Structure formats: structure tokens, C-alpha cells
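Next up: some structures, all given as C-alpha cells.
Two complexes follow with chain A in common, the first pairing it with chain B and the second with chain C.
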Partner chain A sequence: MAQITQTNGLFQQDDSARDRLNAVNACKRRFLRQDVTATLIVFAALVLVPQLPFVKGWMLSQASLAIIFIIAALGISILVGYTGLVSVGHGGFLAIGAYTSALLTKYYAVDLVVGIIAATLVSAFFGALLALVFLRLSGAFMAIGTLGFAFFVGTVVNNVPIFEGRDGILLDDNVVLGMEIGDFGFYYVSIVTLAVMTLFVYCIVNSGTGRAFMALRDSENAAMSSGVNRLLYRTLAFSISAGITGSAGALNAHIVNYVSAEVFADIWFSVDILMAVVVGGPALLFGPYLGGIFVVMLPFFLEELADFAFIMKGVVLILVLRFAQQGVGEVMFRPIQNYRRRKLMEAGGAKVD
Partner chain B sequence: MLGQQILSGLATGSLYALTAIAVVVVFRNTRTINLAQGDFAMIGAFLGIVFLKDWGLNYYVTILLVVACCIVLGFGVERIIMRPIANSDWLTLFTTTIGIYYILHGVAGLFWGRDTKAFPLTFDPTPVDILGAVISQGHLYNMGWALAIGAVLYAFFNFTKQGVAMRALTDDPEAAYMMGIPVRFIVLLTWGLAGFIAGFVGILIAPIIYVSPEMMDEVLVKGYVAAVFGGLYSIQGAVIGALLIGVAENLAGGYIGSHVKTATAFVMIVVLLAFRPQGLIGIQKRREI
Partner chain C sequence: MTDAAQSPGSEHLRCENIRVSFGGVVACDNLSLTVPRGKIIGLIGPNGAGKTTLFNVLTRFQEFDSGHIYYEGRQIDNSRPHHMVHMGLSRTFQNINLFGNQTTMKNIMTGAHNLMGDPFSAMFWLPGARKREKEAEDRALEIADMLHLVPELESIVGTLPYGYQKRVELARALASKPSILLLDEPVAGCNDEETAELKDLVFKVNRQMGVSVLLVEHDMSMVMQVCDYIYVINFGANLAEGTPEEVRKNPDVIAAYLGDEEDQA
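Right, the complex of A and B next:
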């Protein structure tokens, strides 16, 4: 790609333009690599958590909860980060996943793994349905529409008899492949789910589908005029996002073997998931990890001071949005990235700007 | 029975309407979906308890003080938090107000505790009979106040320089700026107006529902649904939406069962948005390329 630049008052062909483009592309690849590396490090740390000597039962269930939040945040990042749609209703998908898996394991005595897969599929189906209903919405209207959806699901599980409302459904112990598993086993089931979902998100984002999502996010009109099928990809994004969040919901039902409408009736679950992804960095693989752990761990450390936890949450959110709008993850990579960029630019013979 | 349900629906709807107006005014001037609107009112209600019970002030003085405090709160939020990020995208502004929501929630819990408090009754609890419909005096009283505030807002938007400037800002921010309208000041005023409305909502709703940090969540969400129902840009639309929702959910609660009451508004909004994505009397904004 040749480019005309003005040097010393004369127009001349700039041979360094191609080098510069190469350098920029290399930077992007590097950035992706840093993102993946950071994700892998955190993932390895999560795998090792149960092996730590001081981790006891309830801490383990907190860690499981963190993983559930990470999965849910991964799901919403497909929408918020890559497709540019907002959902304040992912608590609804969490509830759909939770109840699908809970009812299946209770009444049909299926395996936990089957429950999780079924929850993912059912949730994805409802996601696609919601996308078709809200075909023409965007921005604030989309937010309120999805909020209405979450409330609607909350009311349904609260009042339809099979879901047993606020009394909740008590489940048997978790069974995987015919074996009963305890807290440790459950933790590793969550870890495996997280690994699968992370890999899935990575593959989607770096495929043609992911590029179509991002094209829609950057400019809907430009994307459509380049042949991106808006209806198809929006529905797909919603469906994938809902499916991933649904699997998190299934895990959430089995973490304490109990589901009740109490948890899903209000919208703050949905808001917490949205907050996790905004704080961590919506368009990063690493962002949901950071945000999910943050959202779960903050009340954990400030247990007796719930009000301080609220204030802290608010202050952190506002500060992040003020000073790091791409999320904390992006800021963490920035110094390494600047260094890399300078080196690559110099190596490519381009001027550092 | 029918008249009864409609009347008490209108009473609840009038409070949704006030919240919806505040939401619409802030949204169309600053592109901000203000999720903290309900919490301004919540803080107002708690302050009302402090002024009425602890300080033993007169009811009208309390209203005055509470509204003044809420206006200051609105100014403060704009000046300290919203102004530095005023040019950011929609999602950033929205999530920032979630942050404000969390902070106000925590502050209220810290100062006044998490448990619910009763608000001193400010009216005679005996119901009144109007054309065969029985309604509590509190509801009647709230409707009166809502009407009065509506009239004040109407006058503000039509007969004062600032109000007209605010409408100009809504129509075209750039043109308003070119015409010498002090945009920053008007935006500050917008948030002040949100505080003004919230102060009244807080003090009016407090005797009907108990006062707690979560008290406004449902009213706020209904206010939102009403605002979107009316198209998010139109005050009249928001008021119509709010009254419709108030009446509809009361009718559903009365004839189908109280458990469907909360869901009514959301079913309405989901159905409406599926068929009219721009709201009931909304305008389809020109798409930007």
C-alpha cells in the first residue's frame, strides 16, 4: 500500500508506508499474544487454587463463584465488547441456564455435564429468540428491553409452580460420569467449563464470524454495505453470548445444590456481570477474568462492611471509566505495548510518532 | 371496582411519571441513561426522615430542604463525575451512573442502616370516596403534587429562558452551542432539575412504601420502562407511558392476580419494542454514518 506524504515541501512516494503497516499489524498480533498470555497465567493460577494449603470449603465455593462470574462475563463480552450491543438482562439467561440444569438433574437424574450442555443450548435458543424480538433496537432501547427480559424471567420463575418460586429447588449431590463429586470435583468441573468457553470465545473472535461482529460494532452501515448480514450476525452474537452465560447459570445452580427465585428476581445480578466486563476490559480475553474476580472478591474481602464494598465498587467503576475506558486489562498491557511498538517501529525503519 | 383500580393506578402512575420525566430530560440533553435517578429520591426520603423526626421540622420546610439537598446532589454529580466524561460514548455514561448508584446505596446503608424504616405519616390515613371509588388520601395528595410539579415543569420549559435553552440543546446541541447558549450551564441545570424532581418523588413516595436503600429500585425501573415506552425523547410520551403502566399493572393485579403485577410493565415494554422500536410516540433519529 503506497501512500503519499509531504516531506520538505515536496510530494514523494513513501516507501516506509508498507513497513509501517507491517509494524502496526505486528503490534496487533503482539497485543493478542499478551492478552492470551495474561489469560493463561490467570487460568493456571485458578487451576492451582484448591492446592493451596489454606483454602477451605467455603473459600473454594467463593472461588467457584468467581469462575462462574468469569464465564458469565465472557458471555457478555461477546455482546458488549465485540458486537457493540448492550445487555442489562444477562441475569435472565443465568436463570434460564440454572433452572434448565436444575430441573433436568432433579427429575430426570441426568449427569451434571449433560445438565450444563443442555443449559447452554436452551439458553442459546432463548438468546436467539430475544435477538429476533429486539431486531431493530439499539443503545438505550436495547438496554431497557433486555432489562425487561430479565425482570420477566424473574417473575416467571417466581410464579410458575414448577420452578417452586422463593422456596427454591433443593438438588441432590452433583454426579459426573456416575461418580459423586464434592467441592473439589465441582471446582474442577467449573474450571473445565471455563477452559472450554474461553477457547470457544478465542476461536470465535479470531474467526470470520468475530470479524463480522467487530465490523458491526465499528460501523453498522459500513459493515452492512460490505455484505455483513446484520440479522444473522446479531442473532448469532446474542445466541452465543446467552449460551455461554447459560452454562454459568447451570454451574451457579449446582454450586450449593439449590436454586431459588430469590437470586434471580432482581436485576443486580445482570448489572454485576455488565460491570465485571466493563471494569476488566470488554474487548479483551483477559478482561472478563479480571472483572469477574474483582466483582466476586470485593465483597469477600469487605464482608463485615457491605456498605463500604458498595461504595468501593462504585468508586472503582467511576475511576475506571474516567481514566481507562478500555478497561483495566488494556491499561495493564499498555507499557509493554508501547515498548514493543517503539522497537518494531525502529526495526521497520518507520518514524516513531 | 374498575374505577377504583384505574384511580389508584393513576396515583402510582403519577409517581412513575415524575421519575420518567427526569429520566427523559437527562437523557435527551446528555445522552445519559441515569440509573441513579431513583437513588437521588432515596437519599431525599432518608433526609426527609432526618428533618421530620430528628429535627422536628415542619412538613413544608422539610420538602423545601429535601428538594434543595437533592438539587445540590444533582449539581455535584454533574460537576464532579459526569462533566469530565461528557463526550464519551453511551455505554460509558450509562455504566458511570451504575457507579453512582452503588455509591449512593452504600452511603445510605452506612448512615441510616440497611433495614426498612417507616416514614412519619403526613396525611390522614382514612380513605376518601370519589364517585364510588375509594382512594387513600395519600394517593390523592400525591396526584395533586404530581400535577403541580408537572405544571411547574411545563412553565419552566415554555416560559423561561433556561427552559427554552434546554429544549434547544435537545434539538441540536451544536446549533445551540453556536447560538451562544451556555451548554455546560444548561447541562448542569439539567442534573439540577433531575435532583429537583427526585426530591419531590422521594418525599411523596416515602409514606406509601417503607424507606430503605432499595426502596426506589422498582419505581426507577418502572420509570425507565415508561420513558422508553414514550420514546425517550418526549416528556408527554413519558407521562402517557407512566400512567398507562400504572393503570395496566393495577388492572392486571386486580383481575389476574397480584403475582403478575410486577411483570405487566415488562411484558408491555417487550411487546411494544418488538413492534415499535422507537417507542410509542418516539421519533426515529437519523442514523449517523
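Right, the complex of A and C next:
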């Protein structure tokens, strides 16, 4: 949130103070609107990507991958941004989602849409189950616990025959509502999934349920005295978070119609998702968009130096944690915010520091 | 609940022989008190007497070694802190506990969590949940108006002065539509004007809305003016009880407070 330093005079109850306060408050409300507007702009841009004349196949699959990361990051933002819990193992839920949809479409020939929904629900189920384990741990131990979970999923995928380990499972072409869809069709399935999940996160955050999450994040005592059941709401947050990330996993399985342990047992997935949300802005709707695109696009901008992407990401992460703890998204909004605040406060006759 | 349990003057909240020790320190030593329905009960005592500890026991934030707690005659020894507000018991904290980087409005709205219904209909914005949300918003505005917080509704509470934060906390406690309110030093750090206002407000909440109140407060003028009955504790034990008049004249109480002043001098 933008911090506005208020002069003491602002708190006198005369009318001019009231005007000035209203100006400040109007400015703060705009901050929320900026978040939604920025999100809608990037979303619209993503919708238009396939229409652009110069977009080639690899660009489209890269954009699909960005969407997948945005969805996964939206999922983890529920946990990290709004509930104040850290998971270093969300790649595990990505894998659960991927294999759920892969196995269902392969062996039961279900529709891609059914696969995605099933992946969401199965991941959400495991999220709730694992929350009961993780939530007994505190702080760093919980982070290590989630990391252990990701390793565990990797081990299972590598060794249990049905997952076919590093050989992987080759999937048939994607079918939606009985029709085979190509790259463009798949892209729009991803876009629709993104739209649904974004709307979902928006609804949660702007509801009593979201307030309960944020209450637990900001003060456990105040939350409990307001009647928030800590275990119930944290489990719910974990479950929702896992479910959303699981839907991203399903998309990731069908993007190249191939799932293998090589891809899904990779712990860096977990790190990348977490990083996307921390860099973009954990408690912003726009944060996962920014972070997801950043994580996917960085290797491309580095071109032949792509091997150094990990180092670059590390550097960026350190810079963000040092200089922009609310994420780059918040920093991006700040100049507009400051400009508006200045104008509004001048209008209200206040001194601006 | 039976009608008898709901009638004015009947026992609302009661504790019996509560004992709490922190290692060697006995913070509460066989403390008993009763809050009758619809009354304002004061709980006073010198610094470190054990008031906050007893408060935390009553609101189930603090475990205790022995004794019992009853709410409307029902034993609640095993209730958890988050159960209390659902029964109708709401509290504030001596050291302010707020959602510091959220707005005043959000803080008050969170106080109405017990009226929100189930988390699923809330997060899917189902019609019933939206209706309850709207009602909670209206109520939050009403309470904010009552506490003169309207201009600060969209301010981040962490940036507000202390007196304001105290009021936001009270507003949050009121948002749950409590039938009993436990206030731990609500006017500490407030100026005279704010104190007078809060005093009126506690009185109004009690007399007009029928909310029972347990008030811990060092501001003697407030305690003496608003309380129907006062319990005095010292060194974790019941020292005296009675009407404000009786307590004021009680030699033990005078001695305890004079002793306290000598300690501080």
C-alpha cells in the first residue's frame, strides 16, 4: 500500500481538514483502481498476442508459458501475499495438476476442460490435506516442509510406474468440447483459465474470506478476537492456492502434450513461481502478471547469456527484497500515485512533504 | 438459552477461583467475578495486579491452572479465542492489536467476521453473502460515524495517532454486534476530550444497546462515573468489591493505591 505521511493538522476536525482528508482518501482508492486497470491492460494485451502479424509459433507458446506462470503466481499470491504464509514447494502442486490432467486425458479420454477442472480440484484437495501438516510447523520450518513436499512429489513421479518417470507420458492432441484444437485454440483455453482465476482471486480478496486471510497475515490476536478460525482459514488459503496453481500445472502438461519427471520434478519450478509473485507484488492483482511475464521472458532478453538467467533472477530478487518489499508493481504505481496525491493534496490545501 | 439466562441482571459472564502462574509469578490467585447482563462492571487494581491476565483468561487467550469460566451459565473452560465473538463476547487489547497496514474500513469490517456466514458463499460472492456484506458495510459506517472515524475510513490505521487507533479498535469490537464487551484500558493515552467522548460512548452502548461491559481502566473518574459495580484486585487476588461509593471509601483499596503510589514515587 502507498504510505501517505500526514501532517498533524490533518486530524483536526474542521471542515478544511476534512476536505484534505477526502482528497487523500480518494487518492488511496485510486490505488486499488490502478491495480485492476493495470491488470486489465496486460490481460487485453495477452488476448491480442495471437492477432499480431509478426507473432510466430514459438512466440505463442512462450506467451502461453507466461500465462501458465501468471496463473501459478496468482495461486501462490493467495498464500504469500494475502495470508502471510510462505511456500517454497508450489511446484509440487503444479506437478499434481499436470499429472492429474495428463492421466485423465490419456486413459479416460476426457475433455481438456474437464482435465483442467479435475486438476484444480485434486490439487486443492492435496493442498488442504498438506496444510494440516505444514500448518503445524512455523516460520522457516514450514518453508522447509513445503520444499520437502516438492521433493517428495518429484520422487513419486520419478519412481511410481504409472507416471513413467523421465521417459514421460506423451499425450494426444487437445480436445475441447469434442473438437481438436491447435496452438491458437490452446492459447485461448489458457486465456480463459487465466480470466477465471484472476476473477476468482479478485472475488476472494474483496470478500469476507479475503479479509479473514489478511487479518491472519496482519495480526493473529486481532484476527482471533474477531472470530477468525486460524486453522480453518489457513487451510482454506492453502487449498485455494494449491488449486489455482494446479490448474496452471494442467495447462503446462498440455502445452506440449508431454509430461515427464524431467520437467515436473524440477525444484526450480517452485522457486520461479515464488519469485514471480515476490518480484511482481505479492498483495497486488497485477503482481503475478508482472512477475510471471518477467520469469518467463528473462531468458529471452538475455539471449545467448540465458544460462545466466538464474544469477540474474537472484540479483533481481535481492534488489526487490532490499528496495521494493511490496514488489515492482507497487513501485510502478508510485509515480502516478505521488503525482495524484500532490495534485489532490494541493487542491485540499495541505502541505506535501 | 433459556429466557432466565437472557433477562437483565442475570449472570452473563462469570469466573470462579481462577489461578494463573507464570513460572514463579502468580498473576491470578483464586480470582472470582461476575458480570451481570446489561451492567457495566469495573475491574481495577494497581499496575501488575493481574487485570490483563484475567482478561485474557476470560477471552480464552490465556490458559489457566485452575478455576472455571461460565458464559450465560455454561462452562466455557475449553473454548478457543475465536469462539468467543461468535457467542457474543468482543474485546479490545491494552496494547492495541489492529491490522496496521489496512484501512480503518477494512479493520471495522473484519470485526464483523462473525456475521459473514460461511467462507465459500462469501468468496464466490453468492447473493446471500453479498447481502450480508452490504449490511456489514452499512453497520461499519454507522459505527464509524458514532466514533467520529468517518474522515479516516480510507486511511491506513498504522498511520493514525494513538487515540484514533484506540477508537478503531473499539469500532472493530462493536462491529460484531456483541452482547458483552471487554475493554482493557480504552482511554489510556487519550486526551481529556477523547476520554469524555469514549466515556459517553461506553455508557450509550450499555444503556441503549443493552451490551454488558467489563471495563479495566486506570482513569478513576471514568470508572467511578460509568460503572455499576467494581471489583478491585491486588497482587492477583480479590481485594474488594462494591458500588463505586463503597469502593472509594474502602480502606483496603485506599491503602493498595497509596502503596502503589509510594512504589512509583
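Keep in mind that, in the parts below, the second predicted complex is superposed on the first by the 307 of 353 C-alpha atoms of A that agree within 3 Å, B and C clash if a C-alpha of one lies under 4 Å from a C-alpha of the other, contacts with A are read in each partner's own complex, and residues count from 1 in each chain.
As a working rule, a contact is a pair of C-beta atoms (placed from the backbone, for glycine too) under 8 Å apart; a residue touches a chain by one contact, two chains touch by 3 or more.
Just so it is clear, the model here is predicted, and its values are computed rather than measured.
Of the two partner chains, chain B is the only one that A:267 touches; chain C does not reach it.
Residue contacts after overlaying the shared chain place A:204 against chain C, while chain B stays out of touching range. In the superposition on chain A, A:219 makes contact with both chain B and chain C.
In the superposed model, A:308 makes contact with chain B only, not with chain C. In the superposition on chain A, A:56 makes contact with neither chain B nor chain C.
With both structures placed on the common chain, the touch criterion links A:227 to chain C but leaves chain B unconnected. Once the two complexes are laid over each other on the shared chain, residue contacts for A:159 go to chain B alone; chain C is not touched.
Residues 219, 221-222 of chain A contact both chain B in one complex and chain C in the other. Against chain C, in their complex, chain A makes its touches with residues 1, 3-6, 8, 11, 13, 17-18, 21-22, 24-25, 28-29, 203-204, 207-212, 214-215, 218-219, 221-230, 232-233, 236, 240. Residues 27, 33, 81, 84-85, 88, 90-92, 94-96, 98-107, 109-110, 114, 217, 221, 224-225, 228, 232, 259-260, 262-263, 265-267, 269-270, 273-274, 277-279, 287, 289 of chain B are the ones that touch chain A when the two sit in their complex.
Residues 59, 61, 80-86, 90-91, 93, 97-103, 106, 109-114, 116-117, 119-120, 122-125, 129, 132-133, 136, 148, 151-156, 159, 161, 164, 172-173, 176 of chain C are the ones that touch chain A when the two sit in their complex. Touching chain B in their complex are the following residues of chain A: 80, 86, 133-137, 139-141, 143-145, 147-149, 151-152, 155-156, 158-159, 219, 221-222, 266-267, 271, 274-275, 278, 306-318, 321-322, 325.
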